[in-house]
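The data blocks that follow each hold one structure.
Each of the next two complexes has chain A plus one more chain, namely chain B in the first and chain C in the second.
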Partner chain A sequence: MPMVLLECDKDIPERRKHIYLKAPNEDSREFLPIANAATIPGTLSERGCAFCGAKLVIGGVLKDTIQMIHGPLGCAYDTWHTKRYPTDNGHFNMKYVWSTDMKESHVVFGGEKRLEQSIHEAFNEMPEIKRMIVYTTCPTALIGDDIKAVVKKVMKERPDVDIFTVECPGFAGVSQSKGHHVLNIGWINEKVETLEKEITSPYTMNFIGDFNIQGDTQLLQTYWDRLGIQVIAHFTGNGTYDDLRCMHQAQLNVVNCARSSGYIANELKKRYGIPRLDIDSWGFNYMAEGIRKICAFFGIEDKGEALIADEYAKWKPKLDWYKERLKGTKMAIWTGGPRLWHWTKSVEDDLGIKVVAMSSKFGHEEDFEKVIARGQEGTYYIDDGNELEFFEIIDRVKPDVIFTGPRVGELVKKLHIPYVNGHAYHNGPYMGFEGFVNLARDTYNAVYNPLAHLAGIDIRNEIPAQLPERIREAA
Partner chain B sequence: MEEKIEDLYGYVQERCLWQFFSRTWDRQENIDGVLGKAEQILSGQQPTNETPLEKLHYADAVIMVKDFRERFPWIRECGAAEVKQLMDGLKTRLVETVITKSTNRELSHHLY
Partner chain C sequence: MSTCEVAAVKPAEVKLVARDRGGIINPMYDCQPAGAQYAGIGVKDCIPLVHGGQGCTMFVRLLFAQHFKENFDIASTSLHEDSAVFGGVKRIEEGVMVLARRYPNLRVIPIITTCSTEVIGDDIEGTINICNKALKAEFPDRKIHLVPVHTPSFKGSHVTGYAECMKSLVKTIAKGGKPTGKLNVFPGWVNPGDVTELKHYLKEMGVDHHVFMDTEDFDSPMLPNKTIETHGKTTVEDIQASGAAIGSLSLARYESLPATKFLYDEFTVPNHLIDTPYGIANTDAMLRKISEITGKPIPESLVRERGIALDALADLAHMFFANKKVAIYGHPDMVLGLAKFCMEVELEPVLLLIGDDQGSKYKKDPRIEELKQTAHFDMEIIHNADLWELEKRITKGDLKLDLIMGHSKGRYIAIYNDIPMVRVGFPTFDRAGLYRKPTMGYRGAMELAETIANTMFAHMEYTKNKEWILNTW
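On to the complex of A and B.
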């Protein structure tokens, strides 16, 4: 089956290169959607800006770091509180938002003084915090504010603070993906190997690309503690600025989100010889495989097997209860990129769900190679999908549930299709064994909830005597 | 033999993230490394894992071989010569799909 031109795209035929319907005996050598390319004029993209990729996804997760956003208020507000990454110190990162609140006069006369004042003000207001990331945004990059010079001056005046700069305005790339890249490479160039921490275990690793969404990192940390592995740094779930400066001390880099954080793992391998192990942290089968590989690397296989046996005993019966009821459910996944390939087989193998359509906002072609290799035939693979395309795809594949963000989620609710928050989760964590049971529960609650169906009935018309079979059974 | 290689290829495509690393040289290094260790394990040798990278390739290979033996019981009967043939064939298929014929435009960029 070649690439697909949807009816709604007939006036933007370039979209054909971004949508693939997998047929038997085909693979990504022949049909690989173009990805990480500029959004085509005429489509209403769901993407975020490059600055957002650096701040919202990676930097803003840190639990001890002021995120100073040098720009108008909107850049700060729109990248605050739209992800749920708690911390074990009272959620400092989610409670506060910082901005230099640039106004017209600062744009005209320059914003460096404003930035300098704001940095001092933030440190003075929060004297216990000594770490900061400063971000440029479109307006401050356009007027050429030299944020590095300002930061250098402040660090001279305040020797107890450390500040990192991210120069990645919204227009720097085609999507949030560029921001991931700039932050990764900047951090390894400027901050790694500027600090050493105490080594407390013969086994050390970095866990890269986990963002503690609703406690993912904290749940997985209980496994690493039980295995006696010291995590030098989490990039960046529940993480600290100073831990990330010590990343060079680890023996192994374990990568979950290869898209947002593969760059730093590659550089750590190139510069320090630390090997990179990519794993999937969602799903029973995958999580067990990841733990087995980590343990095989360190030669602690027995500990790994004991942990997996414990977790299976505790959680597998619960998972199977949901599997029995979710078998045959049709799911669509419309998220950032990596969750497409992390999830498509895990929901299929562990829960009997069939993924019928997947769309990525900022995935690269590498992500499509992975997802096409893992995904089913008869499934749509879409790069940078837009609203009209979503409607048309829904018509074609008729999903029972859609994993996506709240914005698209509200949209599909109007079609009486339940959605589960695929970015920030409904009731996570979703990673690990316990987490995947949570995902199964939220999926069950979504597809068995009679409300979506009932809301679609116009009571002025004749009321159908029966609810759909699946919902009757559950009631 | 072709059919057997296809079975193994299908497994690797579906399960192994190491074949999809960022650049051609990373992919080649992983394919050579993991399949090299797998060949040793399947032929009854105990691989020596001296460098961190060798340890990693061993960790990937040992899990893969366990799955091979469970899913494809015929592999337990293969002698060293047949194992080599299988691994060479698998390597050729993988290199073709994820390196030489891949249309991923980032594969050869010299920077990460």
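On to the complex of A and C.
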């Protein structure tokens, strides 16, 4: 019986369908956890809302774009200062957020005028900024404000600005995932092929589904520069609004995060015939494989091999130093979804780590297919895990480190388990060769942290005979 | 006879104005449900259930985790499209039952509405009746208090949301009855460090009391046996007893007054509203008031504590602080209290940013009247403010500041304009351990002044601006 009903779930037995324990010799396709389904109210799930999937994950990354959130101030406040995606222009995207600060009168009489006023104000206050994304939120969607009409009017009055709309209130769909989809499809429908940029290389691609967390995009960009590949658009790490309008000009779409951004790659393929190439950017084996595939596409294999050799020479010894010390470590991953399948095999192959439990907030069944295929036996695969389930799973698998968000990190700290920020990283970037050494280092520093050992000591008891091996080594 | 002429000095002007834009750039506050959630987590054996989209809960839990470096349990009804069309009350019922079944010690569930469920118009009170019946049938031996909290986010802010939930909690749970002889203390939305400080005064004075909410354990330990103690300490019994107290001390006009007023209206518990105890004079007034209500004298120990604080402040005020221009933003009770504190130590709070859309309330605030009477420098008080009001006065106007005091959401203004900043209020996630430190009381005044001084000193050193002054101090 590979699907598992946990003790804490005895009153919500439908959760059994969401938790899978991989056993030997079975066709895991028969036992895929149900995913992307509505959350049971009151379960203390980890999920966010669709609006967040659009604004916080994708749109809000852009470095030159006003993020106008049409609704009460909360949705804006909440999607500000919760991400680590720097830019090379002084982090405009992290410094500001905009709200139409909707009030009761707007609920009663409609908020379109308020939106129009707020858009003008925003451009007037920051005259150097000419691009904007307008988002609906739960209340403005419910009262039925026509934000597209407002935006059309403003763009007529201000010919030098361009505005994109995302109609994706928080209650749409079951998680962030819905917001990814709405933004992807909206963008290709309305904005791609509205601008042409200068082509400077015979090799061009879009890099899709990487959000420059702690500089991921910027690190990978050094590879593309060395390979002579022009990146037409980064969707959306360190990206600009106008670059994204030129996505149709690329010869190849390279996709890292298939969950958040696979949709636009598919559409670019359908509409413009641009092939889609999925790669994993975390891990040595995966990164090298990705570079090889990209270079094979452009027929520049030699350049690719030279780059990989260079990077291996520089970083592989460091990685191996950590591998020596991390092998056998038990890791849990509780993040959004794709990182489960991006990481489970790369930490196993590159670092000798065993991933013992994984929970996804918004992955779909295809994400579970991938992660179960790549992951180990004896490992738990959980959709939309909740707090009590986490406690029970921890008890069963006893992880040495958990890759998750800061709030859950604070929770498991009390259980003497160190966490590493699986969303925003501890000290990244984590992508690429150098990045994976960073991940290894942060994992090592977490696992060899003497405090977890000290926390277990009750000073009323005798002094423990000897420090655990890991702690001694670190000391 | 001297012919020396003194230029006519323009009298100091204190202006109260509102943000003049409709939209917000960089909000100072979160929305009402966030404040309600903060009040809710202060209660022991309580999990708030937020009726709305999942984001309204998930982000707020993250915000609390950022500030306190702790996890707090808050549930969501996970509203989806179908509920948006057909109403979401079924999801409340389901959420309540799931919580009750899975958390056997649960005693209180505040049911907190959001903008979406207020727009839909879900009948919260009616649903609570249905839930109460279902709970009684399934758990005849348990009493779970379901508290309706209406916090549409298109009104007020997290400040009013906090006040609203505090009121709803006492309204639903408080009882009258035999006088307890205890004092209710409603500090408003403060840090655990402030709660500890207030309790210390009450203990020194021998005053039996309940602090609402007792958030001391929001600073919770890592224990050898791995138990998790991160939760409010205020019990159902404490709230029940609030209706039979000897009085309520309300320390925050905008955060605690609705609750204490209710206790007066319903149970005639005398309500004593005082100015939020930031700085020496405000703390003096608080201690005198406690003494007046309880008849207990102010002990020698507190005279000494006051003296220690004054002694520390005197080293800083006219040497380092005098004439330094300060902007303060955050919760109105805190900002107005800190403005007075600043003036005690000769700092000049030239710009105060407060408030949500409750402008007319501020006009009647006697503390603003007092600032008008006492400020000897020009001061601007902006209500309904956002942080752009502060930023643009610095970058596009002619505001020259020596110090910014406010929460972490304004950090970039200080960083990019090279202005020393001291974090106060909520949230302060970009500095370690501030939730543990008091800002209220004598000790709070002293620690805050010392933080201000050390921040200025570090700035002098990094910018090599008269850092040699400190060669000998």
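One rule holds for everything that comes next: the second predicted complex is superposed on the first by the 464 of 475 C-alpha atoms of A that agree within 3 Å, B and C clash if a C-alpha of one lies under 4 Å from a C-alpha of the other, contacts with A are read in each partner's own complex, and residues count from 1 in each chain.
The criterion applied here is as follows: contacts are C-beta pairs under 8 Å (C-beta built on N, C-alpha and C of every residue); 3 or more make two chains touch, one makes a residue touch a chain.
Bear in mind that the values here come from a model prediction, so they are computed numbers and not experimental data.
> Do chain B and chain C fit side by side on chain A after the overlay, or clash?
Taken together on chain A, chain C would fit alongside chain B, as the superposition shows.
> Looking at chain A, which partner touches more of its residues: chain C or chain B?
So, of the two partners, C touches more residues of chain A.
> If you stack the two complexes on chain A, which partner ends up touching A:N266: first (chain B), second (chain C), both, or neither?
first
> If we overlay the two complexes on their shared chain A, which of chain B and chain C does A:D64 touch? Say first, second, both or neither.
A:D64 sits against neither chain B nor chain C.
> If you stack the two complexes on chain A, which partner ends up touching A:C138: first (chain B), second (chain C), both, or neither?
Only chain C; A:C138 stays clear of chain B.
> Going by the contact rule set out at the top, does A:G173 touch chain B (first), chain C (second), both, or neither?
A:G173: touches chain C, not chain B.
> Quick one: classify A:E193 as touching chain B (first), chain C (second), both or neither.
neither
> First (chain B), second (chain C), both or neither: which does A:A76 touch?
After superposition on chain A, A:A76 lies in contact with chain C alone.
> Of the partners chain B and chain C, which touch A:G42 in the superposed model: first, second, both, neither?
The answer is second: A:G42 touches chain C but not chain B.
> Tell me which partner A:R114 touches in the superposition: chain B (first), chain C (second), both or neither.
A:R114 contacts chain C only, not chain B.
> For A:E26, decide between first (touching chain B), second (touching chain C), both and neither.
Neither partner.
> Looking at the superposed set of three chains, what is the minimum CA distance between chain B and chain C in Å?
So the smallest C-alpha to C-alpha spacing between these two chains is 19 Å.
> Where on chain A is chain B touching in the complex?
It is residues 27-29, 32, 36, 185, 251-252, 258, 262-263, 266-267, 270, 273-280, 289, 292-294, 296-297, 345, 364-366, 369-370, 373-374 of chain A that touch chain B.
> What residues on chain C touch chain A, complex-wise?
Within the complex, chain C touches chain A at residues 21-27, 29-34, 47, 49, 52-56, 58-66, 69-71, 73-81, 83-84, 91-92, 94-99, 101-102, 114-116, 119-120, 152-155, 157-158, 220, 222-228, 230, 357, 388, 392, 408-409, 412, 416, 429.
> Quick check: in the complex, which residue numbers of chain B touch chain A?
It is residues 13-15, 17-18, 20-23, 26, 52-53, 55-56, 58-60, 62-63, 96-98, 101-106, 112 of chain B that touch chain A.
> If you look only at chain A, which of its residues touch chain C in the complex?
8, 11-12, 38-52, 68, 71-82, 90-91, 94-104, 106-107, 114, 117-119, 121-122, 125, 137-139, 141-143, 169-175, 387-388, 405-408, 410-411, 413-416, 455-458
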